[in-house]
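Note that the chains take the letters A, B and C in the order they are written out, and that residue 1 is the start of every chain.
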Amino acid sequence: MTFGHIFLYRIKELFRQKWCVGWNFLFPLVLATAFFVGFGSFIRNADILTTVDVAVVETQDDEMSSSFVDLVKKLDFMNVSVVDDEEAQELLKDGDVAGILYAPSFTANTRQLLNGNTLDNASSAADTLQISVENIGSSSMLTEDAKQASYWINDPTLTVAENGVNQTILSQFLKSYIANEKEMAMIITSADDPSAIPAAIQKTADMMAEDMTFGSSDVSLRYTDDGRGQLSPYMHYFFALIAMASLFASWISTSILDEAMANHSEIGKRNECAPVPRAVSLTANILSGLVIQVISVTCLILYIQYVLKLNFNAPLGYVILISAVCSATGIAFGVMFGALLGNHPATTTAVPLLFSMGCSFLSGLMVGNIQQIIQAAAPWINRINPAALLTDGLDSLGSYGIGPAYWQDVLILLALTAAAIAVSSLILRRKNYASL
Amino acid sequence: MDQNVVIRRDSDIAGNTQSSKHMSDVSSAASQPSSRQPVVRISGLVKRYHEKVAVDHFSLEVGEGEILGLLGPNGSGKTTTLNCLLALLKYDKGDIEIFGKPMDPSAYDIKRDIGVVMQNVAVIDSLSVYENIDFFCGLYIRDKALRKKYVEQAIDFTGLSDYRKYRPKKLSGGLLRRLNIACGIAHHPKLIIFDEPTVAVDPQSRNAILEGIRRLNKEGATIIYTSHYMEEVEELCSRIVIIDNGREVAEGTAAELKASLRNRETITVEVRQISEENLRGIREINHVYDVVQNGGTLVIRCDGGSHNLVHIMNFFMEKNIDFGRISTQLPTLNDVFLEITGKELRD
Amino acid sequence: MPVFKAFFKILKVKGAIVLIYVAAFIAFMFGITLQSESAGESMFQTKNLYVAVWDKSRSALSDRIIQMLQGENEVSVLTADDLQKLGTTEKEQLRELNDDVRYGVFDYVLIFPETFEDDDQYSYFSTSDSSAGYIISEQIDTFLKCLKINMAAGMDGDEALEKAAEVSDASQNAEIRMADFSDEGGSTHDSLYYLYRFMCYSVMMAIVIGICTVMTGMKNDDLVRRIHCSALSSQKISLARFSASLLFAVGVMGLFVLIASIYCLGSADMSKNSAYILNLVPVVIMSAAFAYLLSTLTADESIINMITNMVSLAMSFMCGVFIEQNMMQPGVLKAAQFMPFYWYVQGVDLADASVSVTSPAFLQCIGIQLLFAAAFAAAGIVISRSRAAGK
């Protein structure tokens, strides 16, 4: 069978070409490894608390300050350095800490009330207050000012040098602490029955301690079906890489046309002199290119899943299926470019490279959010960009499983493939050439 | 001039296909080994590239078993004609038949019996010698066993047995050309087109190639051969067609074409000194039509006769003219070519 | 001189292809820059987050939380019509909302189940690239916590809600200062910073591919032999080639710098531009040297493209070009120090922080990049010579 003869020889030929092996096999694996080295830990350690480096400065030597420092030190996600202000500023300037927390302290009012005593625990505080209320017996303790936390405590503050995730975590920690502190003060100062205060303070303190945990900075709770587990958003980079690798098939098809068409090369002339219909020859060539491409993309997928141990959160067969369809799209587009541009030098290198990299860039290869920006500004681009369709399909697959969203992406890719083939057929259907 | 040789001047050519056909019938009748239907018939072929007419009402017939030499300067329309013949190029007018059937891109039955050896080497770099021949043979021959046999024959035929596993990049120029030939003839075609197959090839390889072509012809292949090496064409081809500016300008055997020249013999004599009177005397010798003195050498051109050298030497001795070495040269195909197509540089 | 001139004559012929590459990489650079600008600055702000709320409980508690969130965010409470547009089943509706978050329509989708008032359990969708999920969830959790404490203290439902809201509002006024190291450090990044940070990738790709596209035109074996048969020594030939490559590289750099400067005129601190440019120069030299090295190794354009892509993309990911260095693992950053782009990014950060170009830190960055350039050039010369000798 001539078809089989051409098909097998073409596969042999492609496997022996350094650029084919390099581009289609090696390059995606190298890039996947680079991604993994760069941010693979974000994916693997999504449930592990990240550590935020912070400097804590005790503004006064009192229990409020020291208990704050103790609290912060106990938090798993804080890497604390207790320093003076000058050193803290240096650390912040050098970027060694994400921010400086200035510990809360008692106001002069509190110090006066304590009269040199210390607050060992909440009960002692309550006792002290009770004594004070009874002893003072005046309305000063019940003034509106006195009901405010700021009357008794100087709030902790935060100084940061830039916007960032860690700074945001610190700011939220601060706000939560202040909320708890104000809550505590409110409970104490609004209680009608002073005897209930110790229990309230204890409960508040317990609840504060219990709730003072914060999730990972990588908070990415997304909806999933059937308890599938979370798909890390960083996997999107790998999806974009798979899309790029699939679209490298356009390179293969431009080289196929070079050897199949008389107006591209001498080998093309020899092939066209042979008694083989062009449709048979091109189909066999294209299919061989597709096989190579599917093998290379499968290797990449298996590498990501089993060597890098990053989970697609989906049956691999479906991952490979949509990647294979995207590869077919890449091949079809390559044939179309070759048919449109003829033997122009740009066809062999520039156009396939820029096509695959351009589509991949727009699907988030270099920066993950571009697809979202495009979706807001011009969503139709995402619907015709093969790379975006692939990443969307893999995303749906990982998040929702096999469903309409996935199949829709597969169908659009098939439609794009068919359209490219149709355009190519119109151009290539002529039997001979006006010039060679 | 031999009646079988047709030489056309520009003024003769007026797209007169009728006369062309008649003339080529006469010439082909004289030189064609067989009177069967021609293997190739091109009638009134016209191919234009925008304003330029690359092939201008060109007609050609190639009989079975012939080796036809197609000569022409660069840009004369040879390659365009061949591309039209192979149905690679669209043409504006004319008919092309091969094996008695109209040729078109989907005439796969015809293509099966055609072999092409391109001017530029057309082999696949990442396949070995054996694989290249096997691949291209496989486009023509479906039977695996038969193909294998043909491939081995082609390798033997072209002397590539020691290089079957080599890749094209490792082959010398001569070997590469032989591979190019093997890829074009492995499937035992009945019509083979050789487009300058011996370019940049050493004499030994060239000799081997020409020998091979003769063998192919002996085995029954009809051959169309183009080259700029006149001695090859003279040695190999049973009939020669010269094309210029897209038109046929001469046709005949090598002998017939040479005989068509006015200059039948060139005699060169070393003479230190000769008077004008003696020069006039030489011009008056029978069959001498031109005498040119280049420094110490006299170039005498004769338009016929068989004893010109004797007459000239007798004259020299009679007149006591002191002379040195004498040489005589018969016209070559190169002379014919230059005479017909002119000496101006082309391309 | 003839070899030098030949480079530019070939460039003229292949100019269209080279221009396509340069234009494409300029486009990539702007694309990444625009995206990073919009993402980076909003991370610290809690205002104007887009929150969608699906309130199935319709309780006083959920209402109060919605009110609290409305104080600082753009909140859309989904109506029945809205839900119908999303889909006919709850599954479809949830997926659509998830996709809305995925595509940036909302930063946060909050869902109060029917039992919310009883068990305080809510669910949400958010993305990790902004801290919206973290911030909003913490606001809600803090509010709920205060509410629980109030009720434990004996307050009734309404009072507990009110007091919790008061506390929550008050806590939003926490004092957070932005340190001003303006004479020695920058706190925010303008567009010029981002352009120059990503420029190294684009510049390297444009220069290497451009040079190699031209060099492959001079790589024909017979042509090389013809050139080497001339009266020019191989050193002069190599020097001519390298000089031409460098001139081309400087031209490409000029184009990138010009476009970046025009774009940022009026919107960024242009006083830092000269420091950025100075930091870019070693990248340009290094790229030219790398191109020279590649062209001595192979004449195959596809392979050159492949190697260039691999090296520059991998370096960009590992050295903090696409992902901030402060987000990368310490081990990775240590390994990245063996790559030139790491030092380039460091230089960009120093320039952004208005560190003096004569400071040891800045000079170190430039120096190390130049060492890489020298290494590539030396390797190219050695290989070129050994190949010429071998032939």
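Simple rule for what comes next: contacts are C-beta pairs under 8 Å (C-beta built on N, C-alpha and C of every residue); 3 or more make two chains touch, one makes a residue touch a chain.
This is a predicted model, so every value here is computed, not measured.
Student: Over the chains that touch one another, what is the least number of steps taking chain A to chain C?
Tutor: The fewest steps needed to get from chain A to chain C is 1.
Student: Which chain would you call central, comparing Cα centres to the global Cα centre?
Tutor: Chain C is the most central one.
Student: Mind checking the centre-to-centre distance between chain A and chain C? Centres are C-alpha means, answer in whole Å.
Tutor: Going by mean C-alpha positions, chain A sits 13 Å from chain C.
Student: I'd like the Å distance between the centres of chain A and chain B, where a centre is the mean of that chain's Cα atoms.
Tutor: Once rounded, the distance between the two centres reads 70 Å.
Student: Determine the centre-to-centre distance between chain B and chain C, using the mean Cα coordinates as centres, and give it in whole Å.
Tutor: Centre separation, chain B to chain C: 66 Å.
Student: Could you list, by residue number, the parts of chain C that touch chain A in their complex?
Tutor: Touch list, chain C to chain A: 14, 16-17, 20-21, 24, 28, 31-32, 34-36, 38-45, 91, 94-95, 97-98, 101-105, 123-129, 131, 133-135, 137-139, 141-142, 145-146, 148-150, 152-154, 163-164, 166-168, 170-172, 174-179, 181, 184-185, 187-188, 300-303, 305-307, 309-310, 313-314, 316-318, 322-323, 326-329, 332, 335.
Student: Quick check: in the complex, which residue numbers of chain A touch chain B?
Tutor: 1-2, 5-6, 9, 12-13, 16-17, 259, 262, 265-267, 269-277, 431-436
Student: Residue numbers of chain A touching chain C in their complex, please.
Tutor: So the residues of chain A in touch with chain C come to 18-19, 22-23, 26-27, 30-31, 33-35, 37-39, 41, 89, 92-93, 95, 155, 157-165, 167-169, 171-172, 174-176, 178-180, 182-183, 186-187, 190-191, 196, 200, 203-204, 207-208, 211, 214-215, 217-223, 225, 233, 251, 345-346, 348-350, 353-354, 357-358, 361-362, 366-373, 375-376, 395, 399-400, 405.
Student: Within their complex, state which residues of chain B touch chain A.
Tutor: Answer in residue numbers: 49, 83, 86-90, 104-106, 108-109, 111-112, 114, 116, 118, 120-124, 126-127, 131, 135-136, 138-140, 142, 183-184.
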